[in-house]
Structures are given as structure tokens and as C-alpha cells.
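Here's a structure for you.
Residue numbering begins at 1 within each chain, and the chains themselves are lettered A, B, C and D in the order written.
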Amino acid sequence: MSRTHTKQSSAQALQPESYKPLSRNEIAYLVAHDFPDGAVVNLGIGMPTLVADFLPADREILLQSENGILGMGGAASGADIDLDIINASRTPVVLLPGASITEHTIAFAMMRGGHLDYSVLGGFQVAENGDLANWLTAGPDAIAAIGGAMDLAVGAREVIVMMEHVTKDQTPKLLPACTYPLTAAGVVNTIYTDLAIIDVTPSGFVLRAILEGLTVETLAKKTGATLAISDKLTVIRRNAQGEPVYKAV
Amino acid sequence: MIDKIKHSLEDAIAPLQDGASIMVSGFGEAGIPFELLRAVLDKGLRDLTIISNNAGTHEVGIAGLIKAKRVRKIVCSHPRPINSETFLAAYRAGEVELECMPQGTLAERLRAAGSGLGPFFTPTGYGTLVAEGKEQRVIDGKGYILEQPLHGDFALVRAHLGDRWGNLTYRWAARNFGPVMCMAAKHSIVQVNRVVALGDLPPEQVMTPGIFVQAVVAVGGER
Amino acid sequence: MSRTHTKQSSAQALQPESYKPLSRNEIAYLVAHDFPDGAVVNLGIGMPTLVADFLPADREILLQSENGILGMGGAASGADIDLDIINASRTPVVLLPGASITEHTIAFAMMRGGHLDYSVLGGFQVAENGDLANWLTAGPDAIAAIGGAMDLAVGAREVIVMMEHVTKDQTPKLLPACTYPLTAAGVVNTIYTDLAIIDVTPSGFVLRAILEGLTVETLAKKTGATLAISDKLTVIRRNAQGEPVYKAV
Amino acid sequence: MIDKIKHSLEDAIAPLQDGASIMVSGFGEAGIPFELLRAVLDKGLRDLTIISNNAGTHEVGIAGLIKAKRVRKIVCSHPRPINSETFLAAYRAGEVELECMPQGTLAERLRAAGSGLGPFFTPTGYGTLVAEGKEQRVIDGKGYILEQPLHGDFALVRAHLGDRWGNLTYRWAARNFGPVMCMAAKHSIVQVNRVVALGDLPPEQVMTPGIFVQAVVAVGGER
């Protein structure tokens, strides 16, 4: 698998506090490396799709797709491309040995029935009570498009959201309550952003890891709701290979 | 003798009439019955309700019917993946109605219809706009909404192999909505890549038993 | 298929009116010959199982079994016996070319979902409104055993009941209302007994065919509810081959 | 690495405890996990709730457990096919409780549990004793009763081939309740005739995807 996360633009201006936000690939790398061996995971469309490229080679992690595939490998190329073997984003993929195919009701029974260990979704907003909004902005001409997001959000044992910490105009996306229509209520367990890893607990947001060079105060300003600090707070730094890491080794 | 094989697309879709509700299989481009949809377009049918995961892409398939103003309403889970401009333009112009629901709810509503069940409680959509106007219930601390069976007059489905009893296999993930739509529709019409002799499909590997299928037509083009 | 219906006991005493009640095999023969070509049929346990032996060779009739088989043939023998290929009565059967196997929820979706043309059931009692009782007698020590009967009774396009016209102690089994617990309410379309064929209509029982030698008056006495007579009433007689027939040819 | 293969029946059933609710596959003798049931008997487990189509026949399998007074309750559709004397005697002696329901309702309640759905309306049993005490509704002139998902701690299932991810195939009509019970139980334990290498089962022919299975044990005896 390619590790293009090291190719991020060095032209990006550093913030005054001298931190470099995580790239989308770096966020994906962190998510990928937090899955335990044997995890069964669904990667939603958008940013979560990147996670497939960073799964650690020393763990067996099963990828499920809403169109009935369990055991997806990476993107297909050349003669391996079969237009009847695609992921949820309609990209041709390969099947791993051990893969299986089912029809649609079983694919969604896997999600809704609690059989997935992790569901990884993109997000517009997450509220401190775990509400997720990721399907419809509040604009008057917005056209509904739900897809599999609501099913993915209700059934998995752990729901992970990957998103930028703030919008392009610096509006916080972690909020006391979502202002956009909900995808599901009270479901999010953990949020991976370009600045931090935050757990959603019964008492609200708890900071698990913060990007190196960024102060908790600055992060709190970029967060729309109260941010508690974990006793075990760690720093996300880039190791000698340029890979983001945050756990004590 | 049971012989569900039709010898042309026109024969296969002969029972369709203006105003019909039509389920259309497929996810992405896998499993979409493009040839049957083209025949529906050529037949000039109007005022159709289309039940499918998407609302068509580019200007073919469901999008071709929308562009020709043959579709009154789209019932789907995701009307705007990439290349959905045909639907979006028609929707903004008020030419087509939209009923959008979660994908798993779409699949399960079809299954309830095909299985003779009444409405069912699902947690999907509880606490969201999807729940508005629906009966809700909290059971053991978890919220559920009541969803209705989704019936339809016809299903147009793409499968891989089929026999004269209507038994089907599908290729890979082109299976998706095919089996549940064959169950749910009153009359299921299936295009296959190849018709095989009765007995050629191993009984344990049949993915849709013929009882759920009314017509099978070969379109060739086996991959 | 064997045609053992001709082997009925000739020791049976004839009634004063000189009619010979149909044997179970003869009832099965009549039911089997009323299915049109292409019919999809489920044969319940007990007397309905006999129908499989009399299906006309010139029609293709598909037999469905609640354990997931569509396209059953007759009983298996010798090397064809496979204990994983059995009918609802647990008898090893063969599969016809074109047969398919499904798991249990799909097998019952076929029934409940209205995909079967005919469901053939045994009966303790049938009421003139179509109520069927065939699973539990009213005895105080009766043990419930439902099996597939209730599902078979609700979903098929036509529900046919095969039973003796009266019990061993001559109590009518066609009644104004069932006294035993119901299997399903208002579902029966047609009843084939050892004396007659009776349709259940919105206005009650209508006699379609009556056994040769039996008077309508006698039949009415053996029937616990009002019995209307069809305009097209015919007589069930035995033809030169000893087969029961009732339709004008 | 995912490796669900267990090397003995004892290992396979190690998580079972007294008082567990256990789904048991099979219809007739096809698909009954006799070897696993024997291991449950040998382990000495007590106070079990058994969810199965029948209540066992002769003195083996479920009937063996009943005879040894290990079963508190049977949840099934048909407790008295031929050769069910063991259950009938225990029931009449008050040694075992019985919950009896229509077979299609049993299958569908299991499916609702495995699919994360709440209760559902079914026409089966409307107007009968089965409807007593249940919520009822008439929709478009047809009566329905509300049935609940049927959860269970464990499933003991017999399949044909299995791999280390838990993917399964079944032989012929021995499939019956296997797939839906694997979905419905918290922990599914499957005896197979043979363990095969990962990748040996064609993806399109897998009948139970490994996600629904927690343990696979070979018992040999391939037919």
C-alpha cells in the first residue's frame, strides 16, 4: 500500500504556535493503527476510504462494504479490475482470500445488528452527547442523500468520526449540539481530527491526544464545547519515518 | 411446462404500463439492468415511480428515463453520488419527486414486502429527520421507528445466469439489491448474461429461487 | 410414481346409500389433478404428503418444502438417499433438475409473502368463514405443536384442506365455527374430503362436487354448517382405471 | 491474525456456562450439531434454555440434554414430531418449560435479533392463541401481531465446510436454521465436517460470512 502521507505540502504555512495540522492521510494513518488485530471495520465514503491504505501489515483487519463485500483488499488495477467488485465509493477493489459476498439485506444486518467492531464515518458536526451530523447541511436547497450513513452510525460497536477540527471559515465542528440535521443520536465514540483525538464520554468530550506544538488552550478555542483532559493525555508527533504516533511505545 | 424465458427485451417488459412502480437493482454500476431500462425508455412508458438505491448517473439507465421526463417519483437512499446531474437538474426544476431513506431501511422495507410482513421497528433514523411523522418507541433504552413494507408492481433486475424456472445467480457484488427486489415485486423481470439449461445451476448455489421471478431474458455480454 | 390409491381395502362396508368413501390416496389424487401446469405448491405434513405421489406427469408442478427446498421430487431410495435432503415430514426425497436450496427465513418468506400458489394442509375442523383448526385439540393435556402450519395457512394464494368429512365418531368437521384453537382465521379456499369437494366462499360452504351414490341430503347431515349447492355441481366417480374424476371431460 | 478454529469440542464450547440460552440448528436430523450437544452434556452444563425448531428426538442431541435434566426451557415451533417421547415425558413431569411459536415466526424473530431490528408485525398467528397478550393491528384489512426479536447467548450450528475466518457452507437442506442462528446469537459455535484453507471457499458461495461466527471445530465424518 502506498504511504503518500509523507508527501504533504511543505509549502503550508505553520501556525504561530508552530504546529502542522495532520493531513487527511495522517489522520487515516492514526485511525488505521488504532484497530486491534482481527477487527471488522466499515469505512464510509469520503475521508474514511483513505484508511484502507494505511492498515498495518502485521494485523488482519477485515473490511466490510455496504454493497455486500466482507474481506475487501485495496484498489484494483489493470487486469484485476472487475466492475462488479467495487467498494461503497464505487471504486474497483480486489477481494482477499477469505472474502465473501452477500445480498443487501445481510450487508446491512451486519451493521445494524452490531456485528461490526468499528464504523468509520466522515462528519460535518459532532455534539458532546455523541450526536453526529454528516448527511445534510441546513441550506434551503440542500437535497437529501442518506445512503448507508444512518445504518453505519447506529449498529457498530464503536463509531469513529474523521473530520477537520474546524470548517474552512474556522467554525468549530465539535459542538454542544449539532445545528445540522442528525445522522444519528448519541452514537459517536471517538473523533479523529487534524489536531486531536477526542473521546466522547457520558460527561462529554475528553481529549485523548493533541498534536505536537499545539496548546490545549488553543485547541479549546477551536472546539465549540467543553473539552475535558484525559489523565492519560498524550501528544501526537511525527516519528523518524514521518508517521504520526501518539502512544507511549 | 414452466418457461419464464422471454426472447426479446420487448416481450420481457410487455406487462409494464404507464404509472407503474418499478424496482431497479444495482449499486454503483454493478447490477443495473441497463438493457431493460433502455427498453422501458423505447416503449415510451410515462409517469413511473422508480425504487432504487440511486437516481441514475450520466444520462443512461434511470437517468435516461428522468431526462426523457418519464419518471414521476424516485424512491431511493442516495440520489446524488457523482455524475447525478440529470436527477439534480430535474429535481430542482420540479419535474421529479424524491423520497429518500436510509439504505438499510430501503433494503429492509423491500424484504418486509417480499416476506409478507407488516411494518417493523428499526433503530436507523431514530432521533433524525427520517423519524418525523413516524411511530416511535423506546425499548430497553434504545429508540426505534416504525417503517412500512415497500411494495412495487415490477422489479427490473440484472443477474448473471438464469434458467427457465427463473432460478438466478449473480456476479460478485452485482448481487446487491437483486434478490430482495425479486422477492418484493409483484412481477420480477430479470436480464441475464446467459440462459442455462434447467439443472445447470447447482441447487445449493442458486441465489434467487425461481419462485420469485416471472421473466428471464438474455442480453449476452457475459463478462 | 406409485399409484397405490387403487389398493384400498375392499373389505370396507358400503353405506346404505351405496357409496364408497374416497381413500386418502383418492383424495390426494383429486387434489393433485386440480393443480394447473406451473403451480408452486407446499404439501403439509400428514395426508397432504400423499399428493406428491399423484401429480400428473404432463404438468410441471413445483413442490416447496418449509426446510428450504424448492423443486422436490419423490421419495428417495437406495443410493439416492441423502439425510440432508428431506421433506417437511423428514422423509428423504430427491431433487428435480432446477431445484434450489435456501435457508429458513427465505423458505418462510415464500409462504408468508404470497409466493406459493397453493398450500395444502390437513385439518381437524374448518368453519364456514374459512377458519382452520389443525394444530391443537382442546384436550386439557394437549401439548402445543405449531410447526409451519400457521405460516402455510396465511400466505399462499389458495389454501386447500384435505381431511375426512367427519371424525371417527361421526362428528362433523365442517362447522359454523371451529371449537378447537385456530391455526388461522378466514384462510381456507377449498376442502377436499372423502365425500366431497367444497369451496369456502364469502357466503359460506358451497358444494362443488359430491361422491357418486351419496345424496346431498346425507352429505348435509354430515356437515355441521349450511351447505349451498354450486350451479355447476358435479359428481365424483371412479373411471375405468379406478381413478376418481369429477370434471366434465 | 483471525483464527476461529478450535481444536477440540471442549475448546469450542468453553465459553458456555450454566443458565445460558443456546440456539441449536437443524430440521429433522439435518443440520443438528450432535457432537457439540454431546460435548455440552459431557461438560455438565445445567439450567439451559434451548432455542430450536424441535425439542429433540430419541435420546440424543437436545433430547439427551432433556433426559439428563439439563434443560430448563425449550423455545421451539414443534416439540412433538415422531420420536419425541423424551421431551413429552419431561414436559408432563413438569421438568421442562415450553414456549411454542410458528416456525416462520421463530426464524423471523431470530433474524430480527441478528439484524438489529426491533419488533415486527407478522400476519402469522393473528386470530389464534398465538396472538394472545400481543399487540395487534389491522392494516389494509389484514390482521397482524407484533413479535419480538429473539436473542440468545450462543448458537450451536452444524455446517459443512468452514475456514479460519468463520466462513461457512452447508450441505443441501442441512442449511435450514444455521445461517439465521449464526446471525442471532452473541457467540456462534459451528461444527463442520471439514476445515478448509482461507480462500478455498469461493466468495460467491459462502453461505454464512465469517462475521457471524466466533468458533469453528471440525468433527470429521464428511458425507
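The working rule: a contact is a pair of C-beta atoms (placed from the backbone, for glycine too) under 8 Å apart; a residue touches a chain by one contact, two chains touch by 3 or more.
Predicted, not measured: the structure shown is a model, and the values here were computed from it.
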Message = Taking touch as defined above, what minimum step count separates chain B and chain D?
response = 1
Note = Comparing A-D with C-D, the busier interface by C-beta pairs is C-D
Centroid-based (C-alpha) most distant chain relative to chain B = C
Query = How far is the middle of chain C from the middle of chain D, if each middle is the mean of its Cα atoms, in Å?
reply = 31
Distance from chain C to chain B - Cα centre to Cα centre, in angstrom = 36
Remark   = CA centroids of chain A and chain C: separation to the nearest Å works out as 59
Task = Would you give the residues of chain C that are in contact with at least 2 other chains, written as numbers and ranges?
result = 101-102, 105, 108, 111-112, 154-155
Inquiry  = Among all residues of chain B, which ones touch two or more of the remaining chains?
reply    = 108, 111, 115-117, 122-123, 171-172, 175, 203-204, 207
Inquiry  = Let me make sure I understand the interfaces: which chain pairs count as touching?
reply    = A-B, A-D, B-C, B-D, C-D
Request  = Note which residues of chain C are touching chain B in the complex, please.
outcome  = 37-38, 40, 60, 62, 64, 70-71, 95, 97-102, 105-106, 108-116, 154-155
Remark   = Note: in the complex, chain B contacts chain A through residues 27-31, 77-82, 88, 91-92, 98, 100-105, 107-108, 110-111, 122-130, 143, 171-180, 207, 223
Query = Can you name the residues of chain B that touch chain D in the complex?
reply = 108, 112, 115-123, 137, 139, 142, 144, 169-172, 175, 203-205, 207
Message = Using the touch definition from the top, list the residues of chain D that touch chain A in their complex.
response = 1-2, 111, 113-117, 163-165, 167, 183, 198-199, 201, 203-204, 206, 209-212
Note = In the complex, the residues of chain C that touch chain D are 65-69, 82-86, 90, 101-105, 107-108, 111-112, 131, 136, 141, 143-151, 154-155, 181-186
